[in-house]
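The structure that follows is given in the form of structure tokens.
Chain nomenclature is as follows: A, B and C, assigned in order of appearance, with residue numbering initiated at 1 for each chain independently.
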Amino acid sequence: MSAEPQTASQATPRRRSPWRERFREDWLVFNHNPLGRAGLILLSVFGVMALLSFLPPLIDPMYHPMTGVDPQVLYSEGPSARHWLGTDFMGRDILSQLLAGTRVAFMVGVSAAFMSIVLGVSIGMVAGYAGGIIDTLLMRLAEIIMVLPTLLVVLMLSALFGKLNIWTIVLLIALFRWPGVSRVIRAQTLSLKSRPFIDAARVAGASHTRIVFRHIMPNVLPLAFLYMTFRVTAAIVIEAALAFLGFGDPSTVSWGMMLQWVWKTGHMFQAPYWLFPPGLCISLITLSFYLLGRAMDEVLDPRLREENGTV
Amino acid sequence: MALLEVENLSIGYRTKRGVLQAVDNVSFSVEAGRSLGLVGESGCGKTTIGMALMGLLPRNGRVTAGAMRLMGRDMLGLSREQWRGLRWKEIAMIFQAAMNALNPVQRVGQQIAEAILTHNPGLSRGEAHSQVEGLYQLVGLSLERLRDYPHQYSGGMKQRAVIAMALACNPKIIVADEPTTALDVIVQDQILQETKALQKEFNIGIIFISHDISIVAEVCHHIAIMYAGQMVETGTTDEVFREAKHPYTRALLGSFPALGGERRPLRPIPGEPPLLIGQLAGCRFCDRCPEHGHACKLDPPQWRRFSDTHFALCDHCD
Amino acid sequence: MEQAPQSKPILELRGIGKQYRSKGRLGKGGGQTVVALSEVSLEFRAGEIFGLVGESGSGKTTCGRLIVGLEKADQGELLLEGRSYGTLKGESLRAYRRQVQIIFQDPYQSLNPQLSILDSVAEPLVTNRVGDNKARLEKVLATLKAVGLSPPEDYAFRFPHQLSGGQRQRVAIARAMILGPKVLVADEPTSMLDASYSAQIFDILLEVRQRLATTIILITHSLAAARYLCDRIAVIYRGRLMETGPADAVISDPRHPYTQALIDATPKFGDCGPIKRYGTLVSPERPASGSAGCAFFRRCGLAHLGRCARQAPELTPLTLGHLVACHYTQEAPAPETGQACRLGGMG
């Protein structure tokens, strides 16, 4: 009895792209959510930081986060006009390291999350749609991987093969983090599969590939994006942990790496200006992605209600 | 005195696009032992009225004008506590989806007993259970079914159980919102007959909400036709069916296929009902009206009287 | 009944049977077998509207899904224009479906919410590689117009949630009709719609039949709707045909106690004319008769406790084209037989 359907049918102006309209509505809901707003603001701060990371080495080679050493500094020093956040034990600028770390965090987080989502969505859709033995096999595989502790396995692998390249780490995180997504997507696919519009597509002559990609995928993508924000968080934390434990890629400066240097050189309790920035950044970026995900969750929710509950 | 009186009731919903006037200036009354059928298509406001009568309007809905009186007592100013005392005891509702009104993990008999106990705290468990047994016999359910769970019931049995639940506290008035929509014809017929019999026996007033005019014709003494938030015609069942005045009523009657008589072509109503947001001048059915066209677009139509009970909201019908 | 009864059937069901096996509880295996359809044989003639009438769970929807190949029959065969489509698969299934289409009950569920109307309606063209994009767009617009969505440009670029139920069902009809199928299955096309919309949908179906000579199989629970639309109807109960014949004959002179019970139960109003009460239903239900007996035994007031419980009656012709599956109607013909004869004979 809600008046929603007729409202919508008559209020629509001609030929205006409904996608854009939909996006606008979603954006309004999102923007009304204080959590989402906070997350977005925080995230844009990090985005700016990642962009700024290209700057310091251009100003002066000594600001290069990895190789730039300030000849005037002999040991770790606190903040000064020359080094706003101070330097590390070799005289490298902490601010430039922090900025470079932001870039790495984004890179690691987004690419690992993206890869795990692609894997998870495809496997989930195939399992849910195909059913039967394929479903069973894929889901058992997912369960096996899910119970393996990611951090431990990656640690063991890096102990076996020596230091791992940052992209290998990204790949490993992606490979270990798809099962959760695939289970959710599979459940969604199962419920979509029994909806009459899939039958309608079959009668219209659509092949299985077409049904999966044209009919099921657009309906699970919003959920996949939601999961992606949570996966980003997980990937960043795993990478930081690996680096802190000394199994990171030695050729990149990540926040975890910075923490490891603090710890290894015994500055844990001597140089708060060095310890806190990377630690705080890890917590805040995780928080911002998490808030973003929560807000997206709320955007998706009314949409689901609107589509299912029209009478 | 009428059991239930509704006067000039208007209900609005706050929506993103503005206030949606779901019910506009609706008046009716129900006597004890009589039934009123509220008929209209989805979106006409009939369910909203039912919800308002139960004090169950959604949070964005609000009664904007008018009055509702139950046995002379004003219902609009009631507090939450007072509503709780009224609901089920004085006025009960049979919901659209009977299947969902039952708790799936509790035995059906138990659920009804609980309902009785909540509203009559003085009763003992045994008394409540014997009342439930009486109710089961009343609605034609076998007593062996008392200890079953809802999923073991068929659709018709669930609907009967829900009716038993509505009768549990001896209400004076029952609001039945599409109580048989999900049921098969034969079961629907049985339930309608039983409803009629129960109404006679207990002298209950019934408000029967339905989109199906043929069902309402079976059970109701009076009929009110609703369109786009307004009542457009009201009268006894005979009057409305034999001498329908309002073009919408006629169109509605003409769009149902009949089982007997001559095979006449149906007359579909073209177009869609208007959007109920913002100002609506003139007759709301105007755009779809097959009889009088656009002449009534400007001025709001007035009620015309055809008999003591028969009225239509149309300037041109006679 | 304009067409000659001898005209070759366009679609034929021969002894169709379908069972579902419900899963056993907690790995105990050996679940129950539920018979959805049992020995259903029907012939659909070119250009007719055939009503399949029954309650929920009667197997009428399964029958419709079988006809469009969404389910596979366990027994019997399906013939389209005399050609058997026993095992529908791949290319032959696609070819078959160009001829046999369906519209579903719930227009809120049968359109993909993420696809525009244009994409939904054009889908059969795309999957069957008909025309290029421009030709497809034109065809879609023409078809939308034909089902009363005009101007079609207004609707083609919208999404399902922007349309009313009646409009969505028209879109569904447009999609089903865009390839010009010979047979259209309409599965309760109006049961989710308001009366004014459902009359519109009925009229569109009638128009489709008239313009394109499409055979329409209307699956419905409403005898009144069947009477309005159909040339012939079949009444189905628990997967078995109870009665079949010309719509007028079956409704004005039902011979099976189940059909009679259905007519008793249908709400009557307006100019219904004299319709008698048959009172053939027995309440409460009898205990089950086992699988051998008549499907309607448990609720039948006329049933003979011995014969009807043990032996399922065959579908036997009463008059030309009017068949009934009941042991007792044949033995004691009602006095009105003469009139039914005339009606049937005209067909």
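One rule holds in what follows: a residue touches a chain if its C-beta (ideal position, glycine included) is under 8 Å from a C-beta of that chain, and two chains touch if they have at least 3 such contacts.
Quick caveat, the model's predicted, so the values are computed rather than measured.
Using the contact threshold fixed earlier, the set of chains in contact with both chain A and chain B is C.
Distances between chain centres, each the mean of the C-alpha atoms, put A farthest from chain B.
In terms of their C-alpha centroids, the spacing between chain A and chain C amounts to 51 Å. In terms of their C-alpha centroids, the spacing between chain B and chain C amounts to 32 Å. Multi-chain contact residues of chain A, defined as those touching 2 or more other chains: 5-6, 9, 311.
Taken residue by residue, chain C touches two or more other chains at 164-165, 167, whereas all remaining positions touch fewer. Multi-chain contact residues, meaning those touching two or more other chains, occur in chain B at positions 42, 272.
Residues 41-42, 142, 155, 184-186, 188-190, 192, 211-215, 217-218, 241, 251-263, 266-270, 272 of chain B are the ones that touch chain C when the two sit in their complex.
On chain C, the positions that touch chain B within their shared complex are 55-56, 164-167, 194-200, 202-203, 221-225, 227-229, 251-252, 261-275, 281, 283-284.
Residue ranges on chain A touching chain C, taken from their complex, read 5-6, 8-9, 12, 14-15, 17-18, 195-197, 199-207, 210, 214-215, 218-219, 306-307, 310-311.
Contact residues of chain C toward chain A in the complex are 65, 68-70, 94, 97-98, 101-102, 104-106, 108-116, 123-124, 127-128, 153-154, 157-159, 161-165, 167, 172, 175-176.
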